Amino acid sequence: MCGIVGLFIKDPKLEPELGGLLSTMLDVMCDRGPDSAGFAVYGAGAPGAVKLTLRGPAGTDFAALGGRLGLPVAPRDTHAVLTIPAGREIEVRARIATLAPEVAVISSGSRMELYKEVGLPADVAKRFNLAGMAGTHAIGHTRMATESAVTTDGAHPFSTGPDQCLVHNGSLSNHAGVRRELEREGLRLATQNDSEVAAAYLTHRMKGGDSLGSALEHSLEDLDGFYTFVVGTESGFGVLRDPIACKPAVMAETDQYVAFGSEYRALVDLPEIGKARVWEPEPAKVYFWERAA
Amino acid sequence: MNDITNTPRTLPRTSATFDDYTLSEIRRAAATGIYDIRGAGAKRKVPHFDDLLFLGASMSRYPLEGYRERCDTSVVLGTRFAKKPIELKIPVTIAGMSFGSLSANAKEALGRGASAMGTSTTTGDGGMTQEERGHSKTLVYQYLPSRYGMNPDDLRKADAIEVVVGQGAKPGGGGMLLGQKITDRVAKMRTLPPGIDQRSACRHPDWTGPDDLEIKIGELREITDWEKPIYVKVGAARPYYDTALAVKSGADVVVVDGMQGGTAATQDVFIEHVGIPTLAAVRQAVKALQDLGMHRKVQLIVSGGIRNGADVAKALALGADAVAIGTAALVALGDNDPRYAAEYEALGTKPGAYDDWHEGRDPAGITTQDPALMARLDPVAAGRRLANYLAVLTLECQTIARACGKSHVHNLEPDDLVALTIEAAAMANVPLAGTSWIPGVNGNF
Amino acid sequence: MKSLGSDDARIVDLSTSTLRELNGALHALNATNETLWRVLNPRGLHAIAAGVDAPVTIEIDGHVGYYCGGMNKQARIVVNGNAGVGVAENMMSGSVHVTGDASQAAGATGNGGLLVIDGNASARCGISMKGIDIVVKGSVGHMSAFMAQAGSLVVLGDAGEALGDSLYEAKLFVRGSVASLGADCIEKEMRDEHRALLAAKLEAAGLAGEVDLGEFRRYGSARTLYHFHVDNVSSY
């Protein structure tokens, strides 16, 4: 039960402002989800490199960890982004587990960085200096916890695959069963959260060869309940609402961007919003925007 | 040659699984093709307040002198956001029951009895009647999925607004009022054709989920200029989460209704098989409030199977601020009275078992719209009976509170209680009598 | 809040005044000569002009959030933009006019008055309506007029899936296509009295003579669900 925001930049001139715009959108959605917040930003990547977002307890000395790993690290509050050569991910993850077992790897990808914490969304955005981040697209979430605990692990977005993340507003009614099936297939889930099940489900489908669009189509058959998903990948973002579509969703598009908000309020400070095409995504219809490679 | 009559035989044996009641229901279903619809709450035996006992004061604690030393019973509801909180003289309120399901006389009697004792009554799924508003000093106006009769004038006339998300008898389900009770007046109030079977929706038409409920509550507060306390009522199923979410949605008061709570009419399978007992729900709801630091700031009303002052005291000791009664109030008015035994028999039932409230043939004139039957209930006398009954509940609750050394019934606490059964100990989170053992104390609740 | 002398409109800018100030002032109106209000910078805020009970005109310049004009009585409210969930919910009388699109549950449970939407309305338009008249110049989404009890829904465009599911006595007129009819909703013959009713609703919405009545089809309740019958069990 939550608020969702998403922004996909079409005009490169706007890329430096991505974090600033998303931060403002996130602030407005505080009411819908005062418990915790999180966001994924698709920023610059380097060929052959992978970014791991790490999260540790307050006071974690990420610089020292980077030093011991011999890898560049960029700390931000309780999180840090470690940039590693693509071939070394398994080895580096294993070394982190040994050197700093209290540190979790919460995302991996060539461009995605992911941050989330418990607290008022406006404060969370400030702690990580979201406003200072640049990139091509980003999604964010403010959470009113329903059945799972108010913890950082339970905050959105959930990432269960490289450069993939998902945020969710609603409540799934068959997530326990889907979770058991995914676990039987070998996926490991970190929380009891229904949204993580949705993220893992999409990752599982995409590993099996589905495109994001096709994975979303299948979720209409396999996931029961009320939901609005916004999903990010390396090159784009997608939106899906369940067939009953009780949870709100508003989209806006201009020549410069495509934006998603749980409510129109989230979009009001976007550039030239008065001239944007504003509409409500249809139920059970997959929307997807992709950047040219 | 075998003599069959002399050979010992086992006795005829009926099945515990397929007992007489079950067999009769199978036959009824086979004959009609419709599920059994009835009123009232769960009839099966479930762990209840009877399974708890109070630890009266003796040497380690001192009791208050009964009749002399003060033991307050007042309760203030809606102190969180409302400009005009409600103050009740007793911690027992009357639960929502609609005009339509009840006769106008019965609604008037509820208003008279409750007002005499300084407590509130509640409308139901059918709007507010003049009789009810006129005779209720404090009236809670329910905001239901159907929105029958909903209008801003009555909203402003109410003393509090109760957003009904669910009911203990049927969490997740909507109501049903069969054609016999949709008289011209009921039909007009609900904007329905007279005589049809009315089906109520299970979800609100213009919001779903706590994040949108917060916006709906904001609208109701704007319309009523932030004066009225806003309650959120849920049927007990996942009371920890539901209570927490009601608080996050901005409720002033949370109402948790256990599975013994009654209804005017719904499927029997719903009443008996969906939801959890009141006893199991109270502590979870209280825990949610405590975890959010909102216990006593957002008030908790508990309902479902409250019958006597001991039940009231136990609900308060477990952390509720007040209780609500429905079925017991109807019985106090005269529902299921043995003096109508012959008429109940003619309906194929007996006093104490009559639950076909939806059919509108109530011999006691309470759950009916039939003018002749309605006339049997004298609202003044019935109101007096209800006031008497409410007085007894209050006196009994006070008696127990004094015995536990409390100068206010709200000072009763879980530590004043022990349980007779392991089930009750686990559900109420109090020790088994004579031990310090609380089953599952290491669990989450 | 300030009054501007030029057109005697009372101007409320929601970037400098609070929603409470606006609604509080609107609720305080009795016999007033402040009959024209303009609301600036609504910025998607919720419950704008909810609970008004006065014969005034309120023009809102921009998109509004949930429940704009909720439970309106008497007032004429114009939203120059899009409206969020439940615009004019439970309206009693007066009118609400949305010049853009409306979100879900537009006119939900409305008892009276007129709701006009120039653009599209999404899912559940007119859900549980109890006497309101709704005219949508664009299309309506799925489950529109669900359990609609009374009043009329006029759609100049198309209707989504399950139009009029579990319908009671509301009257539905659709000019375009209907994706599917809900349980117990059927097409009905358009007789003179229905054409007259439709013409009156179109006229009230300012569309007199602009659309051809002959292009509309009428839908209503088959009334088979009014009394339980085992043979209808698949519809329950």
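Each chain carries a letter (A, B and C) given by its place in the written order, and its residues are counted from 1.
In this section, a contact is a pair of C-beta atoms (placed from the backbone, for glycine too) under 8 Å apart; a residue touches a chain by one contact, two chains touch by 3 or more.
Computed from a predicted structure; not experimentally measured.
Asker: Can the chain contact pattern be summarised as a line, a ring, a star, a complete graph, or none of these (other)?
Answerer: Topology of the interface graph: complete, with all chain pairs in contact.
Asker: When all chain pairs are ranked by how many C-beta pairs they have in contact, which pair ranks first?
Answerer: Max contact pairs: B-C.
Asker: As a quick test, compute the distance in whole Å between the mean CA positions of chain B and chain C.
Answerer: Each chain reduced to its C-alpha mean, chain B and chain C end up 36 Å apart.
Asker: Report, in whole Å, the distance between the mean C-alpha point of chain A and the mean C-alpha point of chain B.
Answerer: Inter-chain centre distance comes to 43 Å.
Asker: Residues of chain C touching 2+ other chains?
Answerer: Touching at least two other chains: 65-66, 85, 104.
Asker: Name the residues of chain A that each touch 2 or more other chains.
Answerer: Where chain A meets two or more other chains at a single residue, that happens at 246, 248.
Asker: Multi-chain contacts only, two chains or more: what residues does chain B have there?
Answerer: Expected reply: 212, 215.
Asker: Help me check something: in the complex, which residues belonging to chain C touch chain A?
Answerer: Interface residues on the chain C side: 43-45, 62-66, 82, 84-85, 100-101, 103-104, 122-123, 141-142.
Asker: Can you tell me which positions in chain A touch chain B when the two form their complex?
Answerer: 1-3, 31-35, 144-147, 169-171, 226, 246-248, 262
Asker: Give every residue of chain B touching chain A within the complex, in rising order.
Answerer: On the chain B side, the touching residues are 203, 208-212, 214-215, 238, 241, 244-245, 248.
Asker: Chain C touches which residues of chain B in the complex?
Answerer: 32-34, 146-147, 150-152, 155, 179, 190-193, 196-197, 199, 201, 205-207, 212, 215-216, 218-219, 222-226
Asker: Which part of chain C faces chain B closely enough to touch in the complex?
Answerer: Checking each residue of chain C against chain B gives 19-20, 23-24, 27, 46-47, 50-51, 53, 65-67, 70-71, 73, 85-86, 89-90, 92, 104-105, 108-109, 111, 124, 127-128, 130-131, 146-147, 149-150, 166, 168-169, 225-228, 230, 233.
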